[in-house]
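Letters A, B and C mark the chains in the order given here, with residues in each chain numbered from 1 onward.
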Amino acid sequence: MKKKVVVSGIIMSLVSFSGMAKQFVLTDSEKGIAVGDWHVSNQTLNIANSTTFSVQNNVLKGGKQAGSEVITITSGDFIIKLSPTRGMGILSVEGEGIRLGWDSPVNEVVHPSFINLESRGGLGWLDGFNEMMVRCGFAWSGHATKADNMVYTLHGRAANTPVSKLIVDINDYAPYTITVKGLIKENTFKKSQLETWATLSYTPGSRSFIVKDTVTNQSDYPRDYQIIYHSNFGTPILEQGARFIAPVKQISPFNHYAISGLATWQTYLAPTPNFDEMVFNVIPYADKQGKTQVMLTNKDGDKGAGIAYNINQLPVLSLWKNTDTLKQGYVTGLEPGTSFAYPVTIERQQGRVPQLAPKQSVEFSLTYSLLANKADVTAYEAEIKAIQGTRQTSVLDKPLANE
Amino acid sequence: MKKKVVVSGIIMSLVSFSGMAKQFVLTDSEKGIAVGDWHVSNQTLNIANSTTFSVQNNVLKGGKQAGSEVITITSGDFIIKLSPTRGMGILSVEGEGIRLGWDSPVNEVVHPSFINLESRGGLGWLDGFNEMMVRCGFAWSGHATKADNMVYTLHGRAANTPVSKLIVDINDYAPYTITVKGLIKENTFKKSQLETWATLSYTPGSRSFIVKDTVTNQSDYPRDYQIIYHSNFGTPILEQGARFIAPVKQISPFNHYAISGLATWQTYLAPTPNFDEMVFNVIPYADKQGKTQVMLTNKDGDKGAGIAYNINQLPVLSLWKNTDTLKQGYVTGLEPGTSFAYPVTIERQQGRVPQLAPKQSVEFSLTYSLLANKADVTAYEAEIKAIQGTRQTSVLDKPLANE
Amino acid sequence: MKKKVVVSGIIMSLVSFSGMAKQFVLTDSEKGIAVGDWHVSNQTLNIANSTTFSVQNNVLKGGKQAGSEVITITSGDFIIKLSPTRGMGILSVEGEGIRLGWDSPVNEVVHPSFINLESRGGLGWLDGFNEMMVRCGFAWSGHATKADNMVYTLHGRAANTPVSKLIVDINDYAPYTITVKGLIKENTFKKSQLETWATLSYTPGSRSFIVKDTVTNQSDYPRDYQIIYHSNFGTPILEQGARFIAPVKQISPFNHYAISGLATWQTYLAPTPNFDEMVFNVIPYADKQGKTQVMLTNKDGDKGAGIAYNINQLPVLSLWKNTDTLKQGYVTGLEPGTSFAYPVTIERQQGRVPQLAPKQSVEFSLTYSLLANKADVTAYEAEIKAIQGTRQTSVLDKPLANE
């Protein structure tokens, strides 16, 4: 069934009404749909018995963010912001007075048309980087390098690809779970036809949300892919004495500079001038189903962020400690991935660049949790400790590779 | 005379009304005009005695095609789509159930602001390539190469240049020929001032149309130029046993890989995994006026596409056989040009880069025909055979150059 | 106080109404404001006793200028055009039948999304260059070079950065001075956080205007900066026998080609085929407060353009003589700067790349004057001569550096 409805003054295409979910198509390049500014809430949908919620889309204006869209999901004081124009990257999450995210010197949601990924020797991605979670991938990821007669630009193209389709589903029954999904096409003649449905699901009233991505190789040939879920947290969780907690099988320094930070990998410094960044390559333990989880907690253990996922999907994790000054971007990245952040050439050599067969899909699922108090933090840490159990952590004192 | 008219709900500037042609200015950067979505038809123009026709302009939405415009010319079941935003490239032509065009993995009409021609070592053009006919030029064309302290990017800039002016002329008398013309400016201080009026003319009821381009060197210095009319056909015409027919004076393999395909240059394979592409350099024969024509026909000889043009304008032709798998882009290119597809450095060495004197213009005219049945195909082939006559085809077994 | 007002049919945000100035926020990326087409005048503001004036903003259409905004300040026959989309560059100034500006082959106000600064080996800036005054900077300036694993593209990024904020202030009292200010952000994670308020002030009825820029290093680290105010004049002031007049302490040829023009550095040729460009490095004298001024006058000395500024802010000046043919861009640049136009690597070696401490700001102020008659020109020249006084001009016969 297909009909037109008017919600909060904007005409939308209500593509399906299954009795199970209301579906709102905000963008569809095939059907010529891009609704722009848009808003629904439990009230406009005549849902009386729900935790309050709203979902809105805004087209930004001014500077290098002109034309960028931002979806805001709100439920009570819990607010998730993501940008379909920037590959469904999650800008920030707030709840209980705690912010997941960080303060980048890049303080606009930069539209991809202003980004030249090849600039600064392949570091153009840094002109837009400010997300709480940015997908590094999918045709390649990692540090920039020249190989194969091209520049593999830093962390790939997905984050600077506007979605071709953008759909908001809201379950028609309690607890009215909201799902925002966007289609990211990395299509280049002869080179790439990876298409990714990137999804965020949130249940009103909750303090966690699920990221679920399906990457499909639409081509007739096997294709390499990589993904790093570059998940970034600054203040108020990150602070001097904040801790990174994970069930760690092996940890090693990314490069020589990180060797000096190996002894203190579990804790963080205050904002530290000239610290720049230290990166550690982590191989987590998991339970028998492959489930693992990692977290960041503040010093007092009453604020935190956790990520739960499966190491069969994402076997390695980059721990990025960028505890430089506040203005420089005081932030740490907990980055589950198929790969470490070495250039794709090194990742290939070391066997961390998987392939998709023609038409094959691969799914990644991560649950992000805002840990709002001591009980939350303690419980989450206990789950991590249970995964580690009595198993040892191997600390390598040399980098896996020289970049 | 200048007046405002309202046609199908949109206010347009009717710049001139000569009694000979109605002129609709859809875009004019000097006058601040860009009408966006727009539509006329024989009905809205009160033309009763005509074959039905309509011309419309649509602004696309979503993904990397946001903001791209597409002109659709329709007459009965005959439909031509072209994109003024992408240098007047012809996206597809359909009629009699036959499609001229192909299925690229690039399945959006990518807006130039999302294209970085320098990416992938100068192959960024591949991020947008899906046209039935794309102009490769005009300041340069051919494969990417580094020379003169710059990257000559693959096939030049014209296809990723939005037009500065876009005009639709509709003759005010039977048979009401429709002409769409767009102005492509390749202007760079000190480097280039080539301005091209790219034109497509179509007479309602016909199964052919004319491309006529005028390239003018607006600078005070002689300037190199190149053009390859990269004309691309996939299914349903291209299939196993499909044939390329042309009056051929000389044919040679583009590179070593193509040598193995030299014996079968006149026919095509079915979609063939790992075939990639074979290119042949063709020098056609013409009649005494320089007129030649080339064609592609399906195996049964009841569907085809033909291109008629003048070898005094376009002396060489690249035959591009990309009979790889369907998803990889099963397609062949019949590409009349001033030049072969070698990098501009090689084309210069071999004398295939002409120059325009200051203020000089050069014109190119090509008639594309959809051959809808056995009679069409047979007649078109007979004309080609008549041009060849008894003249020999020289088959060189070595490439003209090593790229 | 904050209220909404409607001026000439467009709703604007009137952010403050101090009793001293009316403030119109045309763009604010933080507040989601971008008013687009907009207009005020002394009449719409109910100012009766003023010299007439108007300020308008227009969003351009078509070609590569689609989306570019242009502010036009008009008072009587005096018209200033500047583009906030192109880093507040001044496109042209006209008054008394005299035009400050020039005719570039680039004849659209090219939107930055169509510019790839890295193209042509770092010369992509030339695809947009046509301003009367373009800011070269701020993170770097000068000729393109490869260093530090990146390309320092020609003349930096500021000119191709759309403003994040755009504010028009109009004094609420005679003579109702108009100030247009835009915020240019050069923000890149880990690399740059220079934020510049670029301002143009004009008093209705006057034939001069003031450019005042404040560059702030928002980062926690010292940062290099450079600025060249690339101020360009063609016909009708530039002509055979036109003169460059400045209080010159030292002048030297930029490169070997310019040596041959050293004897005639004070005068200009007619449009001269194959002249290309000659550049001279000038170190001006100033008065005791550092104030200096430079000018261009036509042959008869009845039309001119002058720039007054302080050498403590801008110690050096590049004199760019591009007296090639009219279509090639017959133009001269009088370019006060922190730096000459050598690549940043050379400017660093020679000590002309200053730094800003964390949070430090630096201000630049230049007064541009249209000299409309013999009296204007004579008086301006006399002021320059007074600065020179009896001090000698040192003419070096070798370039300061080999690029």
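Basically, a residue touches a chain if its C-beta (ideal position, glycine included) is under 8 Å from a C-beta of that chain, and two chains touch if they have at least 3 such contacts.
Remember, predicted model here, so these are calculated numbers, not experimental data.
Subunit B and subunit C carry the same sequence, and matching their CA atoms takes a turn of 120 degrees, rounded to a multiple of 5.
Comparing the residue numbers each copy contributes, subunit A and subunit B share less than half of them at their mutual interface. Rounded to whole angstrom units, the spacing between the C-alpha centres of subunit A and subunit B is 42. Each of the following residues of subunit C touches two or more other chains: 113, 116, 118. Against subunit A, the residues of subunit B that register as touching in their complex are 58, 60-66, 104-108, 111, 113-114, 116, 118-121, 123, 126-127, 129-130, 273, 324-329.
Note for the complex: subunit C touches subunit A at residues 27-30, 32-34, 67, 112-113, 116-118, 149-151, 153, 161-166, 183, 185, 187-193, 218-221, 358.
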